[in-house]
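What follows is a set of structures for review.
Two complexes come next, and they have one chain in common, chain A, joined by chain B in the first and chain C in the second.
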Partner chain A sequence: MKKIISFPHMDNYYVPITFLLKKVTDYEVMHPLPITKRTLELGTKYSPEFVCVPFKYNLGNYIESLERGANVLVQAGGGCRYGYYAEVQEQILCDLGYNFEFHSLVDNNQNVLINAYKVLKKINNKLTIFKYIYYMALTLKIINYMDKIDIYIRANIGFEKRKGDFGNLLNKMLEEIVNIKGFWNLRKLYKKYNILFQAIQINKPIDCLKVGLIGELYTSMEPFCNYYLEKALAEMKIQMDRYTNVTYLLITKLFNKRKVLKKCGCYCKYLIGADGTDNVAVARTLALKGYDGLIHTKPFGCMPEVGAMPILQKLSNDYEIPILFFSFDSHTAEEGIKTRLEAFYDMIMMRRNKHD
Partner chain B sequence: MEKIKIGIPRGLLYYKYGDLWENFFHELGFEVVTSPETNKSILSKGQSLAIDESCLSMKIYLGHVAYLIDKVDYILVPRICSLYKKEKMCTNFQALYDIVNNIFDIKIINYNVDVEKGATEKKAFMKMGKNLEKKRKQIKNAYYRATRIAKRKKEHRLIKQERLLKGSTNLKILLVSHSYNMYDHLIGKVISKLLNELEVEVIYADIFDRKKIHKKYQEISKKVYWTYSKELLGSIIHYYDFIDGFILLSVFPCGPDSLTNEMCIRKMKNKPIINIIIDELTGEAGLQTRIESFVDIIKQRKEKEVKINNEENN
Partner chain C sequence: MINGYLGVDVGSISTKGVIINDHNKIMAKVYLWTEGDPIKAVKKVVTLLEEQIKNKRIKIIGVGVTGSARKLIGTILGANIIKNEITAHAVGTLSIEPNVRTILEIGGQDSKIIILEKGIIVDYAMNTLCAAGTGSFLSSQAKRLGVKIEEFGHLALTSTNPTKIAARCTVFAESDLVHKAQIGYKQNDIIAGLCNAIVANYLNNVGKGKRIKAPIVFQGGVSKNIGVVEVFKNILQEDIIVYENGHLAGALGVAILSKDNSKEEEFNFNIKDIKFETRGVVCEGCPNHCDIICVYRNSKLIDSWGNRCERGKIE
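And now, the complex of A and B:
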């Protein structure tokens, strides 16, 4: 039987993951369908009652992929409940009667990169360590460049002169990036697109509103999950800044452990688990930089973020920076989010005028 | 000179380490004030202080801290990240110190256990004593004496439970929950009282010998890494043959429980299970109906089994 491998969806990261899996395994790679309402409905139907929402999205992705013929699934993991997703999802899909292999790339007691090699070796016996390291490094570099460009886009997309310029160019880049042949090729491509992105005409005032996006990784990165929050902010002509991306989670965070607590100042004495401490640190840095406001997103009941919230609230009082807390679940109403966002916009606008 | 008063909130880890802490401070000559059993006013106070989405146990804990705040000089707020190597605690315990520190303006006694990074329990106690300006030898003695008392109490409970398991002919139901829910007056005590009224023996899943159960969790779930969840799953397997049914009791929205309970229900299909989730609005009448019907089901099942056995013997 032909093996078809699939994985959960998250923003544009399916591009580098497809690239990696194609190179290191000899299976056919099926990238997941874009998330729709059906994905969420399927996921919610078979998930435990009060598990956090990324679990439901991922499960929905898996079911849709299995329906389309995939038979090997991979899952990642993280510091909170995320590390335990894989086993429960495997059990649920098993009970639903699907026939598949399930691999978790992350083991909590081991380095991510080492464990991923072990798992990929199990999938493809011919994989040598050198090949793995080469393609892993290349994939990480792709992700790194994508994130760098994303940061530029996020800061400027609200001010583009012709609507859709940034989006079109990004899609073009994603199409091309899959066919790269090596580091040199990749670097050339990045430089080319960097210039192209810089060349897009924008109409950005110097004193535009600045908002920082913080929060749990999935809700802040997957646009369907946060109801296209970034798009809405762009329409309001706000400059956005977000630190959570895969580069940060996989690489920067490793070298950042001691600095993070220092950046938190008096607000955190210990690490509060998963990405909670990082959020507090970023919130404080952005507050000191004089941002107009922060938007904190999380799935309902997210353990580390709920722990970070009282700290963020105190920080918000001390530095007088407004923070808007969003909590996403499978039943969140889109209208409610829009209204709150508009009210938030009006509020920071009024504050700005008052200070001037 | 008046004695320094140290407050211990009766919530979360108190139910695991309460004896140890209280005895330790008594030995060192401090006055210990423990907050009373949870009641409605403590809960509502905690609710107003906590984030809406934090779990019920956390809300109760904050209520207890608020109760103690103007009655004592210091409050003990533990921060436990990992108790054993390659295991973790729920992030609530990791963040507990910082949460309390940011909500209240009080003097907190530092108690940090993170075995993975080398901060053991003994070191935590030594540091705690040092911060309270006691001598090294004194602290050490107090710590050993307190551990001995706590250990003896634990063993006593274990023996009592095992005697009950073998001796009693009543129905036995295993109550599976974290200690801080199981013995809380608004959560677990309500249920164990209801069960006792129905003449059912309650077996507590958090009373066990860790050496005997610490690898048994693998039968239900191989990759679970929260210490308390691991222990509870191991305990379920350990007691499985002696009990007639079990109750999975968790609070809304407990993170680890949301997944481990699901695994448990999916894997353990031979004995009756009921999954009870409690939040601050749960009424007692609803609980009573559910538990009564659950006990009825178990009774009928047992009668049927006895009948079949008798027929086979004849």
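And now, the complex of A and C:
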């Protein structure tokens, strides 16, 4: 039987993951369908009710891929209880009667990159460590460049002169990036697109409103899950800043452990767990930079973020920076999110006018 | 002929309408139940408002709409401003009490807290996930106990020993309430317990971590419940201001915002004779199946929304 490998969806990261899997395995790679309401419905139907919402999205992705013929699934989550989701999801899918192999790239006792090699070696016996290191490094570089471009887009997309310029160019870049032939080629492509992105005409005032996006990784990165929060903010002509991305989670965070607590100032003495401490550190950094507000997102019941919230609330009072808290689940009403977001915009606008 | 501005606040439970003049003075006001049909409720509001200003020679040149049905009603009334409830409430309250620092608001299905400083909103929060501690919960419990919601507060004040009720969640609260009633707690004690529970829930949930400073204004439908007001006073140890028109603050605020909007257009009261209809369509363009709402005026499509992308656009 032909092996078809698939994985969960998160923003545009399916592009580098597809690239990596194509290079290091000889399986056919099926990237998941874009998330729709159906994905969430399927995921919710078969998930434990109080599990956090990324679990439901992932499970929905798996079911949709299995329906389309995938028979090897990969999970890569960790940090919080996410680290145990792979086992539970495997069991649920087994109980549903699907026939598949399941691999978890994360082992909580081991570095992700080392464990990923072990797992990929199991999938493809011919994989040498050199080949793995080369393609892993190349994939990380792709991710790194994508994230760099994303940071520029987030800061400027609200001010584009012709609507859709940034989005169209990004799609073009993602189409091209999968065909790169090596580091040198990739770097050339990045430079080319960097110039193209800089060349997009924008109409950005120096004193535009600035909002920082913090919170749990999945809800802050997957646009369907946060009800296209970034799109809504862009339409309000707000500059956005988000530290959480895959580069940060895989690389920067490793070298950042001590610095993070330092950046938290007097707010944290110990690590909160998962990304909680990082969010406090980012919140404080942005508050010191004079941002107009912060938006914190988390899935309903996310323990590390629940732990971070009272600290953020105190920080909000001390630095007089408003923080809007969102808690997403499969039943979240979209209207309610819009109402809060509009009010948030009115508030930061009013505050700004007061200072002027 | 003087200029007037219409503000409408279409909430889940009640619909409020006011007409103000250039000096933010309320010339006419209406408060009635939405009863699940915002279009019908608004037509009724418009009819009643027209009757009140019949002999006053007022020309309405601006319409503002707020509340959970603001988009639908805004389209129907041809509003020059559609605003969220939080901003509308803050603006409305500031016009009555310019020094206000905290606005507590408990409405039909949501509750919010707004913190202000020198007339500027600096922080707010809205209940996120459940309806525990809102007006609809109180009114359903009043019905269960066979008490008129208007008498609820007065009955609570007669209690000397309020029952403890688990208020974390409406489902738990209700079963706890039934249980307490069955084992013989007095009705007024239970009612007072409910008032305590509402306030405790509000402060733990919406008001968590917020700096509540005087002057404090309490508004929304539940502010008419004197029992809840007393509990707030006891817990916060501050004076709680409740205005006679507190329940109209949203409508008043949005009328003021409409006045400040430069776009002027005369409002026609014959809206009540026009047939408005909404139809839900499910887009089959992709598996997302967006629910698209189409609004028809005399069977002619005037607006539609709910689609995520161009494929679902209906014209």
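As a working rule, the second predicted complex is superposed on the first by the 356 of 356 C-alpha atoms of A that agree within 3 Å, B and C clash if a C-alpha of one lies under 4 Å from a C-alpha of the other, contacts with A are read in each partner's own complex, and residues count from 1 in each chain.
Just so it is clear, a residue touches a chain if its C-beta (ideal position, glycine included) is under 8 Å from a C-beta of that chain, and two chains touch if they have at least 3 such contacts.
Worth saying up front: this structure is predicted, and the values here are computed from it rather than measured.
**Q** In the superposed arrangement, does A:Ser327 touch chain B (first), chain C (second), both or neither?
**A** A:Ser327 sits against chain B and chain C alike.
**Q** Identify the partner contact of A:Tyr84: answer first if only chain B is touched, second if only chain C is, both if each is, neither if none is.
**A** The answer is first: A:Tyr84 touches chain B but not chain C.
**Q** Check whether chain B or chain C contacts more residues of chain A in the superposed model.
**A** When the residues of chain A touched by each partner are counted, B comes out ahead.
**Q** What is the contact status of A:Pro16 with respect to chain B (first) and chain C (second): first, second, both, or neither?
**A** neither
**Q** Check the residue A:Pro310 against both partner chains and state whether it touches chain B (first), chain C (second), both, or neither.
**A** After superposition on chain A, A:Pro310 lies in contact with both partners, chain B and chain C.
**Q** Looking at the overlay, does A:Phe300 come into contact with chain B only (first), chain C only (second), both, or neither?
**A** both
**Q** Under the stated touch criterion, which partner chain does A:Pro32 make contact with: chain B (first), chain C (second), both, or neither?
**A** A:Pro32 contacts neither chain B nor chain C.
**Q** Is A:Lys354 contacted by the first partner chain B, the second partner chain C, both or neither?
**A** After superposition on chain A, A:Lys354 lies in contact with chain C alone.
**Q** Across the two complexes, what residues of chain A are contacted by chain B and by chain C?
**A** Common to the two interfaces on chain A: residues 300, 310, 313-314, 327.
**Q** Which bits of chain A are touching chain C when the two form their complex?
**A** Within the complex, chain A contacts chain C at residues 33, 36-39, 300, 310, 313-314, 316-317, 320, 322, 325-327, 329, 335-336, 338-340, 342-343, 346-347, 350-351, 354.
**Q** Name, in rising order, each residue of chain C that touches chain A in their complex.
**A** Touch list, chain C to chain A: 68, 83-87, 110, 118, 120-126, 128-129, 208-209, 211, 286-289.
**Q** Give the list of chain B residues in touch with chain A in this complex.
**A** Spelled out, the residues of chain B in touch with chain A are 50-51, 53-54, 79, 81, 86, 88, 90-92, 94-95, 97-99, 101-103, 112, 221-225, 252-253, 255-256, 258-259, 261-263, 266-267, 277.
**Q** Enumerate the contact residues on chain A facing chain B in the complex.
**A** So the residues of chain A in touch with chain B come to 48-52, 79-81, 83-88, 91-92, 95, 104, 107-109, 267-274, 276, 300-301, 303-304, 306-311, 313-314, 327.
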